[in-house]
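Each of the two complexes below includes chain A, the first together with chain B, the second together with chain C.
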Partner chain A sequence: MGLYAEDQEQLYHGPIPYIILLAGAAVAVGAIAAVGIVFSYIGSLGPASFWNNPWVRGIIGAALWAAVVGAGGLYLTLLERKFMARVQVRYGPNRWGPYGLLQPVADALKLMRKEDIIPDAADSLVMRLAPIVAFAPSFMLFAAVPWTATYVASEMDIGVLYIVAVTSLTPIGVLMAGWGPNNKYNLLGAMRFAAQELAYEVPLILAMIGPIAVAQSLNGVAIVEAQAGYWFGFIPKWNIFPQFFGAIIFFVAFMAETGRIPFDIPDAESEVVHGFTAEYSGMKFVMLLLLEYVHLIAGAALFVVLYMGGYLGPSPINQFAWFTLKLLFVILLMMLIRAVWFRVRIDQIMNLGWKILLPAALINVGFIGVFLALTVQ
Partner chain B sequence: MSVNSEIIQAVKDEFGEGMVYAVDRKERRIVLTVKRNILKKLCKFLKEKLEFDHLTSIAAVDRSGLVNGMIESRLLYYDDYEMVYHTWSHSKKTLVEIKVAVPKKNPSAPSITDVWSTANWQEREAFDLMGVKFSGHPDLRRILMPEWWKGHPLRKDYEMSPGKWFLSDEDEKEEYVLDNQKPVFPLDQKLAENVKTEQISEMILRIGPVHPGNHGPWLINLKLDGEVIVDLDTQIGYQHRGLEKIAENRTWTQYLPLSDRYCWLTALSNNLSYVLAVEDILDVEAPARAQYLRTIMLELNRLASHLLWLAAMGIDLGNLSGFFYTFREREWMLDLLEMAAGNRLNYNYGRFGGVTFDVDDKFVKKAKTTMKIFRARLQEYIDLYDGSSIFHARTKGVGTITAKAAKDLGVTGPLLRCTGVKADARKDDPYAAYPELDFKIPTRKNGDVYASYEVRMDEMQISSEIIDQALDNLPKGPVQSNLGRIEPVGEAISRIEEPRGEIATYVIGDGNDKPYRVRVRCAEYINVSALGHMSRGYKIADLIAIIGGIDPCLGGMDR
Partner chain C sequence: MKEVAADLIMFFIIALVSIFAAVMVMEAEDIFHAALFLALLFTSIAGVYILLTAEFIAAIQILVYGGAVVVLILFAIVLTNRAGKVGEQSLKNLLMRTAAIIGFVALLVQPILKTPWPNEMIETTGLNTYAVGYSLFTDYVIPFEVVSLALLSALIGAVYLSKREVGQ
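Moving on to the complex of A and B:
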């Protein structure tokens, strides 16, 4: 063991692990891109083609999305573990595959083999349905996220509104997960989750109004396109610069929605023993656990679309890669926050949501309204 | 007139000649042997008039097997059982020992819980292990042994053969049940009443026996109104190993390694506490070098323990990184302890009249370097913890306890010092090489979790400075004295400031090769008994922070 500071240096093994990790993440996201290309090819076939039958397209698309986002979520756990390990002066998983790259696969295989326990006193049907009800909406919202200018899984004019609507379905599933297993820790965790989602849904939506008002549209692609161009030739016209206030409100609110440190009170393991997942095992547990990571991707994607110019960027790198890089940046920022911050208490989180963020979001909407009224006309 | 004779005079003036007075050899403690009927009056007098505000320990002793070692004065009030109370005055800095004889047939004594609240758990323990019933105790039930246990293990006539431990249907249960006996979980009973009267807004949540927020196996029954704690009841004893009973069946030296094992975090303090008590009976002093080595090792142990507390505190409050940083430095402390004692966890370092091994120059050099780096690292922790506004919000004003309540509840260590009481056995009741070293006792005023955090952080800084000082002044010479066969006669109590508070070991020897009775008062046991007082009205998340602030160690609680 190292006693002196110079010994500690030996823990650092150069940039290779990071490069491989980023490459791995890029491969995962590249798979998403491949799906996108397939979809655009199918789109070019014409409406009469067999592949463009809404049923066929829907079923194949859903299966692909489930596979890709599921794998992405799994690899996000590895990324997080590696990243946190580096923050915490240790290695992280490094036994399965080169630099531990097969760790999520090993985890998934192990969890699939786990016994699926349903307690005798549980409400069996509710307990079985809960992970599905909680998990499905968080997948559905990816349909409206624009990865590139031409590729949106389902291009709709009310894209952002659809995302918000679908997100607010998740607490139903979580409440079912709290009630079904007949466990007090589950119940406490679910109640905390519901209270938290309710408190932060409102400022989240109010903060969205800024970019929507600027773009005059609810469509994701239109919101991104409204951010094109530069001020003074080098500052990109992203919403984050003029609407910094709103961006912070949105960031805090979606961090709370995701339920991660410092806002991870629904699954605070030292208080309520991982909350609403306490009684679950096997794949049901994985689904509830991945909820957090899928929410993380979704929230970060939404933040990038609304405030960071989405897929826009200088041309040598293509649009999709820009989007991925921005997404990774936001996700790593949240991981860094998770690594070094403490957890807040339930009353503090409620105070922050209702008494600070909500009025701030309202004021923000007012300012943007006045600003637009003065400039746009 | 010394403090001791003043106290004796005051007691004499109040109670006349109805008791036997004695002062021990070193003038460290006054021994009062009294009759049962004036016990409570005496305790009240000591507390209110003479400022004996801290009840250190209550020991129940079965004297029926005792052949030698009986002090003559006790012949006046001799009976088979005896209750021994030790009370300490924070202002007068002296110890009073009260001995009360209790008959073997239907043993009972007046409860002193309304004089010192801390007597609650200690009397429960005496009832549990020795079967002494306390009249007027609010909640007398077993604490360390399970409810279905048969008999009281510390009695000398306790049958230690397998298969006789469980209450069967034929057994007369009245012997173990008092008139005012409560059910196993009193809270459940209350809840059942609530359900009957349709007041079901409250729910019971059991935290434990296995729970990430508990630092070991113990059970907290919480009564919650939403997230707010209405009432709580603690159940411990999951790790009870009966070490006090085992001590009576081992020789004096065989018990040395076992005394490490009350609590793995404070092994050295536990060990030296036993060693000091035996040395007190034997009337021997360790050589100067051994005294300094004890000091150094005690402080290293304190650093290792405090670093683990800081790590656990971070995890409890949701900070995952602090754990790994503090464990890095804890590893260095363990390396040093290993270098000197040969072990990393249970050191078995103390010997009667010395320590096991000497250290060399390499240790001194390494320890100095470590302390230098450690002090720099300590600043980083302060940046990580103190620099976070969420940490402030989570700990300030949480688990507040006043100085008066803390003294009444017998709380010791950083938890007492964070209320503003300057009480530290290292200064007040010195042992090892502490009287020759120059150091401060950090205190704070607020008495909340944050104040105890600040006290502990200051203590780490001071500990590392003590180690530096002791290393500089390390005298030359032997580290052991040859005592020959160890068969002490007499009794003694030692007090040591362990990282969590005061550990007191009360030892009786009757000239045999085995201890007649070893009674340990661990700081964790008493500190945790104050949990209910500290956490009522706070939320579940606060309870976790408060437990982190108490820094419980289950081994020390259950022994």
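Moving on to the complex of A and C:
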């Protein structure tokens, strides 16, 4: 206030942009719910064999996820910038469109028009392929994430294991992005990313064992169904309550895997000039940048499935909407953490991963094993 | 019958990709490319496991070989200087390599011809993961524990060796 009172009036729009953004999110949830209702209506018309055809399921499920990740990733950047600006008492983007709502469109147009630069000394093929190799596995893992009890792109026996396996391929693409352009900052960033990913993959997988053991299945739908019901009539039987430590370990580990602010040493601007994306421009840069947001959605979706009861919830709202609401909640929580925290050093990250999270995850698995052995028949 | 044909087509695609990748692991001039082809080889072999309805093994194959092993190899290559491309192969080298390949294939011919390959489809229960876990902790519990002990000792040995180097 005070000094720039006139600017203040022009730049700060009060709560309206947030209301619009959250309303947009609600409309998106509603649209997804409507799609779900339409699908279940059509599904009740046709023969069940048609809807159980893997091709039909796969294409519809993949299209849903592609729409959500594509449009969501774009507007997630704006939501994140606005939200973080609010937390840090700044304005955030406010020039393009009403209340700055067209900012992601402007960003996308700008990046699409950029020249695609391949350095002379680069390993051209590796550099060109790297964004695809890094991006594709992150997209593939959504195939096994259950939207509702019936709408999983590919319902498989090994659902959660498949997700972990596919995620473990991402570092190959990032290391390619580090090696291809023949730039030391790319290389340093990629090595940091791979080291971090390897360190946190172990506690991440160990923290998954809890919900898997409770459900006695690797299938995402079975894991969610195992969390149905209530304690004392009002506390939902989500895994997050009995397995609180497992949930924390999983949350920290997947935050480290996304490489976002508390753990963003792979692309620390002040140290390695944005790491493995340093030499990239145009759409290739966008793909490497959106990797972070795809990882964010994927990690949040996994957290919701494993620990927050997935699509379960009281009936007035349908299962699509419950899942999306929980997803938004976890994503906003991660954005809040990003807004208030600072970057930790690389040795602190390695210490946390190997010396604290790994033993804690092992102890957690041991406790769950003993508990289940005592209680289950 | 139709499904068998689809399986066969998929098998030939996967087989071609994996043979191509396996040859390229040896033939690639850049060691980084060779490691990437190794990743392709491991993931395409996971495809063979899926065709055999062994999804659990396929996922572990991708997780351990595609994810961990190849990433470690790439990591080690990245730590080195750019060695550049391999020079021209000498004739002696080429002849020795050819002889080794022919010898290996000759060794394989006998077992391939002797093995009685089952022709009928094997019924799968859809409980592969359960079956693997069950037999791992009942029939094969001692080999399983021995293998894990061996891995643990390898791990401790690696830590010991690297620690001693730092101390000197």
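We take it that the second predicted complex is superposed on the first by the 320 of 377 C-alpha atoms of A that agree within 3 Å, B and C clash if a C-alpha of one lies under 4 Å from a C-alpha of the other, contacts with A are read in each partner's own complex, and residues count from 1 in each chain.
In this section, a contact is a pair of C-beta atoms (placed from the backbone, for glycine too) under 8 Å apart; a residue touches a chain by one contact, two chains touch by 3 or more.
Fair warning: this is a prediction, and the values are worked out from it, not measured in the lab.
Student: Is this a clash or a fit when chain B and chain C both end up on chain A?
Tutor: Verdict on chain A: chain B and chain C fit.
Student: With the two complexes superposed on chain A, say which partner A:269 touches: chain B (first), chain C (second), both, or neither.
Tutor: first
Student: Applying the touch criterion given at the start, work out whether A:89 contacts chain B, chain C, both or neither, answering first, second, both or neither.
Tutor: It touches chain B, and chain C stays clear.
Student: After the superposition on A, what does A:171 contact: first (chain B), second (chain C), both or neither?
Tutor: The second partner, chain C, only.
Student: Go through the superposed model and pick first if A:184 touches only chain B, second if only chain C, both, or neither.
Tutor: Only chain B is touched by A:184; chain C is not.
Student: Once the structures are superposed on A, label A:261 by its partner contacts, choosing first (chain B), second (chain C), both or neither.
Tutor: first
Student: Once chain A of both complexes is superposed, is A:348 in touch with chain B (first), chain C (second), both, or neither?
Tutor: The answer is first: A:348 touches chain B but not chain C.
Student: Going by the contact rule set out at the top, does A:194 touch chain B (first), chain C (second), both, or neither?
Tutor: Second partner only.
Student: Once the structures are superposed on A, label A:102 by its partner contacts, choosing first (chain B), second (chain C), both or neither.
Tutor: In the superposed model, A:102 contacts neither chain B nor chain C.
Student: Quote the smallest CA-to-CA distance from chain B to chain C in the superposed model, rounded to whole Å.
Tutor: Comparing every C-alpha of chain B with every C-alpha of chain C, the smallest gap is 7 Å.
Student: Once the complexes are superposed, what residues of chain A are shared between the chain B interface and the chain C interface?
Tutor: Of chain A, no residue contacts chain B in one complex and chain C in the other.
Student: Of all residues in chain A, which touch chain C in the complex?
Tutor: My answer: residues 123, 126, 156-158, 161-162, 164-166, 168-169, 171-172, 175-176, 178-179, 182, 187, 190-191, 194-195, 197-198, 201, 218.
Student: Note which residues of chain C are touching chain A in the complex, please.
Tutor: Residues in contact with chain A: 30, 32-33, 36, 39, 43, 55-56, 59-60, 62-63, 66-68, 70-72, 74-75, 77-79, 82, 126-129.
Student: Contact residues on chain A for chain B in the complex?
Tutor: 1, 3-5, 84, 87-90, 184-185, 188, 261-262, 264-265, 268-273, 338-348
Student: Flag every residue of chain B that touches chain A in the complex, lowest number first.
Tutor: 203, 205, 211-213, 227, 314-321, 323-325, 328, 331-332, 335, 366, 369-370, 373, 384, 388, 390-391, 393-394, 539-542, 544
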